[in-house]
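These are the structures, in structure tokens.
Same chain, two partners: chain A is paired with chain B first, then with chain C.
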Partner chain A sequence: MLIELTKRKEPSRQMLYLTPVIAVVLTMITGGIIFTLLGYNGAGAVWEIFIKPVINPEKWQDLGVKAAPLILIGVGLSIGFRANVWNIGAEGQYVVGGLAGTGVALLTWEMEGWWILPLMCVGGFIGGAAYAAIPAFLRTKLKVNEILSSLMLTYVSVQLLYYLMRGPWKDPEGFNFPQTRLFNDSQILPTLTEDTIIHMGVPLAFLIALVAWFVMSKTVFGFQVRVVGAAPHAARYGGFDENRTIWLALLMGGGLAGLAGTFEAAGPFGQMVPQFPTGYGFTAIIVAFLGRLHPLGIIGGGLILAISYVGGEGAQTSIGLPNAATGIFQAMMLFFLLATDILINYRLKIGEASAEAAQ
Partner chain B sequence: MTNEPVNRLELRGVTKAFPGVIANDTVSFAVKPGEIHALLGENGAGKSTLVKMIYGIMQPDSGEILLNDQVQYIPNPKAARGMGVGMVFQHFSLFEAMTVLENIALGLDDNISHAELERRIADVLHEYGLSLDPHRIVSTLSVGERQRIEIVRALLLNPRLLIMDEPTSVLTPQEVGQLFETLRALSKSGCSILYISHKLHEIQELCEAATILRGGKVVGECDPKKESSRSMAEMMIGASLKSVEKDGGRKFGDAKFVVTSLTLPGEGDFGVPLNDISFTVRAGEIFGIAGVAGNGQNELLLALSGEVTSDTGDAVMLDGEPIGAHGTTPRRFVGLCAVPEERNGHGAVPDFTLCDNAILTARNRKNMVNYGVINSSIAMGYTEDVIEKFSVKTTGPTSTAGSLSGGNLQKYIMGREIMQTPEVLVVSQPTWGVDAGAAAAIHQALVDLAEGGSAIVVISQDLDELLAICDHMAVINEGRLSKTHNVGEVSIDEIGLLMGGVHGDPFATAEMTEAVHAH
Partner chain C sequence: MNDAIIISIVMTVVGAATPILLAALGELIVEKSGVLNLGVEGMMLIGAVTGFAVTSVTGVPMIGVFCAMIAATCAALLFGYLTLTLSSNQVATGLALTIFGIGLSSLAGEGYVGKTIDIYASVFPAGLAEHSFFRVIFGYSPIVYFSFFMTFMVAWFLKRTRAGLILRAVGESAGSAHSIGYSVVGVRYAAVAFGGAMAGVGGCYYSMVLTPMWAEELTAGRGWIALALVVFAAWRPGRLLLGAYLFGAVMTFELHAKAAGFSLVAPEFLAAMPYIATIVVLALISLRKSAGAKAPACLAQPFKAST
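== the complex of A and B ==
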């Protein structure tokens, strides 16, 4: 059997949308085989992780809550990725954004008012953006690779979190637990209705994705980001400054990650705790690629990864799958996506040997 | 070589298809021993596919290739070289930081000691009267000398058939003369040459036979010496060629585009610094800048288009307004448009649609943007206009720029800039790699734009092109511009010397003689 790749004249639009689906299916198949070989119930694992959260309406609220930060961060990252700016440190910007929002909350802890939550959100956005400004500065002024600087800053941010939780921001009435005060009613994101866990951050995340779609596809800013990423020389010829674009892309990415951090702190957590970093910033990289760096696709990608989170938690209790299983499935998804993306530009021919090879 | 074959190379019904296109359709022709045979055709006529099959890079779907009257299957270039086929590519594959000798050694299939290789190189150089120092570092060599490395590399294998792909596109007229002498000497020794070019007068001068391809098929064979350039061009495009109509007694207006003492450092390690460049272009005038590649043409285009800005605004003036310190966007606002040499990735984004590529440079002059939001229907309309007026062959405004052939993309880019009716248009290599039909259309469009009162600067390595459309011209060499000459009064020899670096000023002449002595 001969497998041959021939270049397509135009990139296939069909494959552009199809390969994420192929990647998810391949992940399910391979994951099932791997966990069977490891002695678990492989088919059951796939069922628990990918199918059960979808068919069980009780889990749908969980999906929304998990998907919101992934979508927000993924949308922000996609802006950078489009411009060839590889911000891998969204996790750090998410943490610092969460801390900035928490800082506003701690400053206003005895106050009440409608303005506190918006102020926390603005603080979170600025905090994340400021943290992303460090790699932006290093890249544009000193040509330091942003992949390394943003990634390493993530670990710095976690240390900052631990320091604040154990020192200055520790709840004075908290029995020496390393965590902040509980946020008050003006600082907690309200839920949509009384008997749901869906907080205001969830619809906002979807709304921001829609706005990002408009900005990226219809405005000069989105055009600029796409040109700088696709052809830097052409961008300069078209009058777009590369450094300015790098700054804007990193600030937007950091800002949205920071906003997601504040939503999480003011939503599900309701305070700041050392367990705050849950890897959303890294998982959002998978979300961004699974969604084809397109804001609407990222909504879909965020939901799929949320399914794997919710399903992974369920599988731990129901069939005793290890916690790492979720990570393995998520990593495989990215792996298969990157691998199958070759089909966008190449045609796969499987069949008998072609005429020229037979001669 | 006592029993010379009837034909050195013969193709019988060679056919090669790619998905969606037949690149070669039952192509048959023959090349006699020692013959210099031209392969002529527009871009996309199937010339490259054909020679790739002869050189073993691809294999035909059907048909036969005969070398020395024997049917051969040529699985790869190494086998082709073993059968006596050599090829000199249009783009060289040389390592700049290594010596000539090391570069040649790297390209050989067999392992030969350096001393032995040097002796054989000396033999080849002597036999064909070529001058080349095997111990020079490649980065210090001129383009003509670099090409000689590739030729020597091919000759070391004693080829009986040498394929040359557009060999003169980077040479000065004097270097072309030297190359032709080498090729003639080769042909006398019995080596056949398959010569691919679109420069018809060169083919007339050099070749004894020509095969003309159009749309993958052989459409004619001729003796170039008995044909006119025009008749060959018409066979190539399959239609009568419109010659550029230019009003001889045109009046020029006031000075429109004035460059004064433009001096800029070179970008990066291989950039050429611009040194005290001055020239004036009046309204209605086409100003040509000739020169061998790599003498500062790219840097000059960037400095004129605004991609690289100068500290002094006065260095570049448009209608008396200093714009030297402005970037491309403000320059476009005052009416300066530019077309860079490289189409893919500079003049256009290959992955973007034609419509998006229109937004890239025409968004402001054509009012495609309101409050930062792109009006895509205006952009679509403009793209359709460009496609129609410049007869760009494409499936529509939403096909990607990368899917267009080189000539079509160039027509699109030129059209995109010209239809913005710029006050000043700066273009680099407007017809590089473009077929004769498209080139004529582009030249006519430039002449028409000038007649409308715009000032045009054409930077080109193609002297014929400059002589055909320009009113005045100057030569750029090592980042310096010669004084302006009147086209029509200047001789090709004079321009050739300027391209080689003889400026007529004592300093440069001394440098030049030194360089000559150093050989």
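== the complex of A and C ==
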């Protein structure tokens, strides 16, 4: 059998949107085979991780709650990735944003009022943005690579979290457990209805993604980001300031990650704990790519990764699949997506059916 | 401070420096060929778990190290296939490799968490290796001497050999190298494979010598520090050696500060030190405007020969 690649005259738009689907399907097939070879129930694993959360309505609420932070962080990262700004420290910005929101909550813990939650959210956004300002400053002023600086700061943020939990922010009535007080009723994100776990942060995350879509496709800022990323020379010629774009991309990415952090702290957690960093900041990188760096695509990508999280948890109890399997499936999705990217610019020909292509 | 404490400090610095030196030497060659592989952390973890598992099953450390090299090289070749053959984005593919390595190593190491292996391997007679003073020179794992040897070999290869010249040409000007008949993709594949093998040895040093045990994400970001080290060293092997030992000293500071009863700052701050130091160092070297600090011209740019 002969596999041949021929260059397309122009990039295929069809393939641009089709390859994420192909990548997910290839992940399911290959993942199933690999886990069977490793001695697990491979078909069962694929069923539990990718299909069951979708067909079981009881899991839909979980999907929304898991997808919200992934979408928020993914949308923020996509702005940077489009401008060729590689912020991979969203996990750290998520943690610091969560801590900033928690800080507001701890300052207001004896107070009540509708204004506390918005203040926490603003605090979270500023916290994440301020943490991303460090790599932005280092990149624009000192030309320090933002990949390394933002990632190093992630490790620093985790130590900051441990320090605050063990020391100054520890619940004085918490039997010495390293965690903060429980947030009060004015500090917890309300749920949509009484019998759901969907908190206000979930619809807000979807709404913010829609706003981002508008900003990126209809405003000068969005255009500027795309030009700086795709054609830096043209951008300079056109008078777009590259440094300004780097700043904005990192501040938006950090701010949205920080907001996601506050939503998580004030939503599912309801307090701050040392187990707060769960890798959403890294998974959101996969979400951003799977969504083709487009806010609407990222909503889809966030839901797919949320499915794998919820399904992975289910598979642990139902068929004893290890927790690490989820991460492997998620990484495989990104691998297959990057591999099938070539189909956008190249046409795949299998066998000797080249007669019609030659015409 | 008495001699015994100084000796033990030196030995822990060597222990901390060796794995990042090995991984950074591999990445140096990779980057010299014009490829940026951000998957060092993932490859180190794959090497770490493979070395540990194989050694605890076979009882032969040599086989463990060898298998660690093979496993990490396979991971590197997966990266190579995507970036070199399929021209995928190097940054994204490297990240994917790290996420994959974290997942794969935790899955493969599931049955080994908390177990230890007891291996004794020394290149020198026990009289020297366990001598109260001379152990500071002779008392290390063979991997440590291997890292010195490889530093020399990499420096010699880049400076003095024809193959090294070709490698640098491919990294500096892929188009020219291609037009005078060298296989850009072939050279880059070889470099990426070498980078994988070195990350594998560096990784298994953690699980087999330093700890020696397996835990999830055992390397704790050291692969990223190795990447920073290459930038710090301005792509020069000699400076890489110096940088690795500087970083080694910073990384072990926490350990010694604790042992000396130093409690002015929180232990969490000491644990964050290596990462803060990395950022500070990256900022400092960018202030220096020497011509030697230039990255290979074709770094992270895909090359596809037009036929």
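Just so it is clear, the second predicted complex is superposed on the first by the 352 of 359 C-alpha atoms of A that agree within 3 Å, B and C clash if a C-alpha of one lies under 4 Å from a C-alpha of the other, contacts with A are read in each partner's own complex, and residues count from 1 in each chain.
One rule holds in what follows: a contact is a pair of C-beta atoms (placed from the backbone, for glycine too) under 8 Å apart; a residue touches a chain by one contact, two chains touch by 3 or more.
Quick caveat, the model's predicted, so the values are computed rather than measured.
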### Query
Here chain A is shared; do chain B and chain C fit on it together or clash?
fit
### Query
So, A:350: does it touch chain B (first), chain C (second), both, or neither?
neither
#### Entry: Touch count on chain A, higher of chain B and chain C
C
### Task
Mind working out whether A:289 is in touch with chain B, chain C, both or neither, as first, second, both or neither?
second
### Message
Touch test for A:37: chain B only (first), chain C only (second), both, or neither?
### Response
neither
### Message
Applying the document's definition of touch, where does A:55 land relative to chain B and chain C: first, second, both, or neither?
### Response
neither
### Query
What is the contact status of A:162 with respect to chain B (first) and chain C (second): first, second, both, or neither?
second
### Message
What does the superposition give for the shortest Cα distance from chain B to chain C, in Å?
### Response
5
### Summary
So, in the complex, the side of chain C touching chain A is made of residues 38, 78, 82, 86-89, 91-93, 95-97, 99-100, 102-104, 106-107, 110, 216, 220-221, 224, 227-228, 231, 266, 268-269, 271-272, 275-276, 278-279, 282-283, 286-287
#### Entry: Parts of chain A lying in touch with chain C, wherever the complex brings them together
38, 86, 88, 134, 138, 142-145, 147-149, 151-153, 155-156, 159-160, 162-163, 166-167, 282, 285-286, 289, 322-328, 330-332, 334-335, 338-339, 341-342
### Task
Quick one: which bits of chain A touch chain B in the complex? Just the residue numbers, please.
6, 9-11, 218-221, 223, 226-227, 230-231, 233-234, 236-239, 241, 347, 355-356, 359
### Query
In the complex of these two chains, what residues of chain B are touching chain A?
19-20, 59, 61, 73, 305-307, 327-329, 332, 338, 340, 342, 345-352, 356, 359-361, 363, 369, 372-374, 376, 399-400, 403
